[in-house]
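Next, two complexes with chain A in common: one pairs it with chain B, the other with chain C.
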Partner chain A sequence: MNTVLVAVIVINIILALLFSLGAAPILVWVERRVAGFIQDRLGPNRCNINGFRLGGLIQSFADMLKLVFKEDFKAKAIKEKFVFTLAPVIVFVSAFLSYMVMPFADNLVIGSQTFIMQGLPINLGALWFLAFAGLSIYGIILGGWSSNNKYSLLGSIRAGAQVISYEASMTLALVSLLVTYGSINLVDMVNFQSKLLFGFIPAWGIVIQPLAAVIFIVTAFAEANRTPFDIAEGESEIVGGYHTEYSAMKFGLFFVGEYVAMSASSALIVTLFFGGYNLPWLGTDTLKENFHTIMLAIIVILPLLSLLFGRWIIKNNVWPSRDDKRNNESKWLIRVLILINIIVIGILGCFLINGITETTTNIAVAIIQIATFAIKLLLMNFVFVWVRWTLPRFRYDQLQNLGWKILLPLSIANIFLTALVVVGLGV
Partner chain B sequence: MTDILFLILSLFALTGAVGMITLSSTMHSALSFVVTVMALAGLYALLSASFLFMVQIIIYAGAIIALLLFIIMFLNIRQDHTPKEPNKYMTMLLIAIVLAPMDYLLFTAFARMPHIEDFSTKIDNFGDIKMLGNALFRGWLLPFEAISILLLVALIGSIVLARKKERR
Partner chain C sequence: MGIKIVPRYGKSLKDRLYLPAIFSGMKTTISHFAKNLKDTSNIKTECYPEMQPTDITSRYRGVHRLTHRDDGSIRCVACFMCATACPSDCIFIEATEREDGIDEKMPALFNIDLLECVFCGGCAEACPCDAIRMDTGIFSFVATKREDFVLNREKLLANKAFRDEL
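And now, the complex of A and B:
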């Protein structure tokens, strides 16, 4: 147990926490603002702390506080008190655990040690996700059952049927990917995708396995209980579904758990199909070799992007009245932006002048890859939100038809096709 | 550390198994079976069979018992629907007595096992997915296929039995 080991493990766990728990308020904000945008309204933008609104992000924190301080009401008809309390915890914990195996960056080499950049350094990444994503259904089933309420029971029956049906197709789609990548380790899978196809297309999963990608993304929507598969809480039919009887932080756990599960699904989709932490055309080795060029590129591009962002802030958030509190926000945001620029350019300039050691290069590459992963994750989460506010809900029979009669045969056919190609090419 | 984990996990497994038999509500029985299954998965992980640990959770906890719970809810089984068992504990005691020679056999077999001090695995990638796959699909292909066909027969049989009879 040396200091570096402990530091890397602590940083990994903090990163996993940030990406899962920390992402929840941001995702709530994204969801509301995008919903507003799609429905041609504004969404939450008034809540502020001394003029600071951050585009409405403060609203999410206010909502979280509200959930914590609300009265924890429980109906008298609920007899299974223990199960009733346990259910949201199961949903939250299993969503959270399924996040722990997502690789944020390539294996980090410091000195003679190699670290796997995951919350939990486990080789069986894809299986771990399947295991714990599958367990979250217990929370929904038990929550609905212990609520002792017809609507809740209906909701949890629907959720159970849906998740069991779609898990089959999801696993089979994953099998065809395992055949292609030849490994179950998520880091190996991402490194496979850093190659180039025909010399110019990044060999991302979505290019090699388009059918598996479509099946997996559809089933991931169903697993996360998101629209168009949210019949479990179809509010127009069965009030709130499995969480009708829940209030305060117990509901909050369901709510946050849903977002963490969504984020975990997006992280797995990004890892499997969109090159994970890789920048397109720039694998880990390319990044390390050409690090000087990349530092120069960052020094040029970062101020330009900041300038554009600053002008956007000034255009949208500068108000005519001099003592308007909202002007404070713009002022401070621009100061923070300038500070970030000075720090980053300063550090990179030092490296450029003084030269850079191998360990520092490795750490810098890991930071770039973490940032890439975060951006890809945000984009995939945006797709989840986008679909939710665009498509209507499936009817129950349509859902089962899609699951068993279309997705399952397609995924089995895809496995056969993949196996034929892999054996035929002899890779 | 391993010993303590083993004790805790086996305690959970046994409690779950006893609960599954004795609890009267179907839902509670199924839930306590989940505890057993999860504890068993933990025991596999302790034996450094990480793949088996995952499969246990995915297949047993994630699929089979979830399906069981779903069906219990779907049929909406209530306390008064289940058959009455007036002499439940008496029957259990009788069965325990009948099975006692079996237990004796197991214990003697266990006592006669060679005493091993070192329980660490001999190779690094023990229980690895690649080794398991190679063993299963090279050495034991025929038994594997036979079991698959058995499962397929069971599946088709249940569908045939459950299908509505056509009216003539």
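And now, the complex of A and C:
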């Protein structure tokens, strides 16, 4: 054990926590604000701490606090108290653990040591995700059953049937990807995607395997219990579905678990189909070789982006009544923006003038890749939210038709096609 | 009679693929999102307590008021027409003799219980003297006690029309 090892492992765990658990309040906020904008309204925007609203993000923390401090009510009819308590934990833990194999950056080389940039440094990759994503349905089924409520039971049965029918297609779509990439290790998959196809298209999964991409994304929506496949709940038919009887933080765990699962699904989609932590056309080696150019590009692009963002803040971050302290927020946000610019440009300027060692380059490249991964993850999560506020819920029989009669045959056909191409071309 | 052939949609390959329709739907929602994100003043909703509504029409039925005669005295003659017309029985009137010679009767007590009122406008319609109106434009009334929701004669007389053009 040495300090570098410990430091990298701690940073990895913190990053995994941030991307999964820390993402939940942000995703709730994104969900509500995007829903508002899509429906031509504002969404939560008034909750503030001393005038700081952060665009309404404070509301998510207030809601979370409320859930923590609420009474944990349990109906007398609930006999299976242990299972009832265990169910949200299973949902949350499995969603959380399925996140642990997502690579945030390429393998980091410091001196003679190589680190895998994942929450847990294991090579199971996609299989680990499938295992834990499949486990989360146990939480939903147990929660619905132990609630001793027919709506809860119906909701959990519906969710269980849905997951059975969609997990098959999801795994089969993944098999065709495994054939293409030749590995179950997610880092290998991402590095495969950093190549170029015909010399100019990034060989992202969505280009090589468009059919598998469509099937996988559709089934990932079902896996995360998101609209249009969120039949586990259904306000008009079965009240809250499996979490009807839950209150306070037990409900909160279901709620957060849903968003963590969504984030994990997005992370896997990004890793499998959208080049993971790679910038398009810029693989890890290209980044390391041209790091001076990259630094110059960042020094030019960052102030321009900040300028645009600052102008947006001044124009849109206003509060109707003039003498409200919420109007002071823009001023501080712009100061923070300028400060970030000065720090980043200062550090990069030092590197440019004094030169840069190999280890520092590796770390800086890892930071760029983590940022790329975070942005791609946010965009994919945005797609999840976007689809939710566009499409209505599928009817149950339509959902089963789509799963068994369309997605399953397509994914099997895709495996044969992929195998034929791989064997035929000998790649 | 001509026969109109109704076209049946949903059988073509494009419709059966689902995805084109889904993408066109997503295009609609993202265009709304982009428009509102670019400039939040595009959003039609109002930040309510800070921004009061400006589109209350003259026919809007708000909280009631009792009108005045030209000399400033009460117009109501305590005929009980409004209390009779009221479907929710929220108007309570006690009549008394009018001593100043302008008319014969006037209300000693005129209470309207806003918690019972359904704001149907029946009282204003029934009134033969144009003595009760609902044109104050007051749409929000709050109190901490039940009793505070009962408006008495003086409070009703003090309410003003929110627009003078009538």
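The rule we apply is simple: the second predicted complex is superposed on the first by the 420 of 427 C-alpha atoms of A that agree within 3 Å, B and C clash if a C-alpha of one lies under 4 Å from a C-alpha of the other, contacts with A are read in each partner's own complex, and residues count from 1 in each chain.
Simple rule for what comes next: a contact is a pair of C-beta atoms (placed from the backbone, for glycine too) under 8 Å apart; a residue touches a chain by one contact, two chains touch by 3 or more.
Because the structure is predicted, anything quoted here is derived from the model rather than measured.
S.K.: Is this a clash or a fit when chain B and chain C both end up on chain A?
M.R.: Chain B and chain C fit side by side in the superposed model.
S.K.: Looking only at contacts as defined up top, I'd like to know whether chain B or chain C touches more of chain A.
M.R.: With both complexes superposed on chain A, more residues of chain A are touched by B.
S.K.: Considering only the touch criterion stated at the top, classify A:Lys315 as touching first (chain B), second (chain C), both, or neither.
M.R.: In the superposition, A:Lys315 touches chain C alone.
S.K.: Between chain B (first) and chain C (second), which, if any, makes contact with A:Val34: first, second, both or neither?
M.R.: Touch partner of A:Val34: chain C, not chain B.
S.K.: A:Leu42 contacts which: chain B (first), chain C (second), both, neither?
M.R.: second
S.K.: Where does A:Trp386 make contact in the superposed view: on chain B (first), on chain C (second), on both, or on neither?
M.R.: In the superposition, A:Trp386 touches chain C alone.
S.K.: Give one of first, second, both or neither to describe whether A:Phe351 is in contact with chain B, with chain C, with both, or with none.
M.R.: The answer is neither, since A:Phe351 touches no partner chain.
S.K.: Mind checking the angle chain B, chain A, chain C on Cα centres after superposing, to the nearest 10 degrees?
M.R.: Approximately 120 degrees at the chain A centre.
S.K.: Given the touch rule stated above, what does A:Ala161 touch, chain B (first), chain C (second), both, or neither?
M.R.: first
S.K.: Once superposed, minimum distance in angstrom between C-alpha atoms of chain B and those of chain C?
M.R.: 29
S.K.: Quick one: in the complex, what on chain A touches chain B?
M.R.: Those in contact with chain B are residues 83, 122-124, 127-128, 130-132, 134-135, 137-138, 141-142, 144-145, 153, 156-157, 160-161, 163-164, 167, 171, 184.
S.K.: Help me check something: in the complex, which residues belonging to chain A touch chain C?
M.R.: 34, 37-42, 45-46, 214, 315-316, 319-321, 324, 386-387, 389-391
S.K.: Would you mind writing out the residues of chain C in touch with chain A in their complex?
M.R.: 19, 22, 25-26, 28-30, 32-33, 36-37, 39-45, 47, 50-51
S.K.: Contact residues on chain B for chain A in the complex?
M.R.: 27, 31, 34, 50-51, 54-55, 57-58, 61-63, 66-67, 69-70, 73-74, 76, 129
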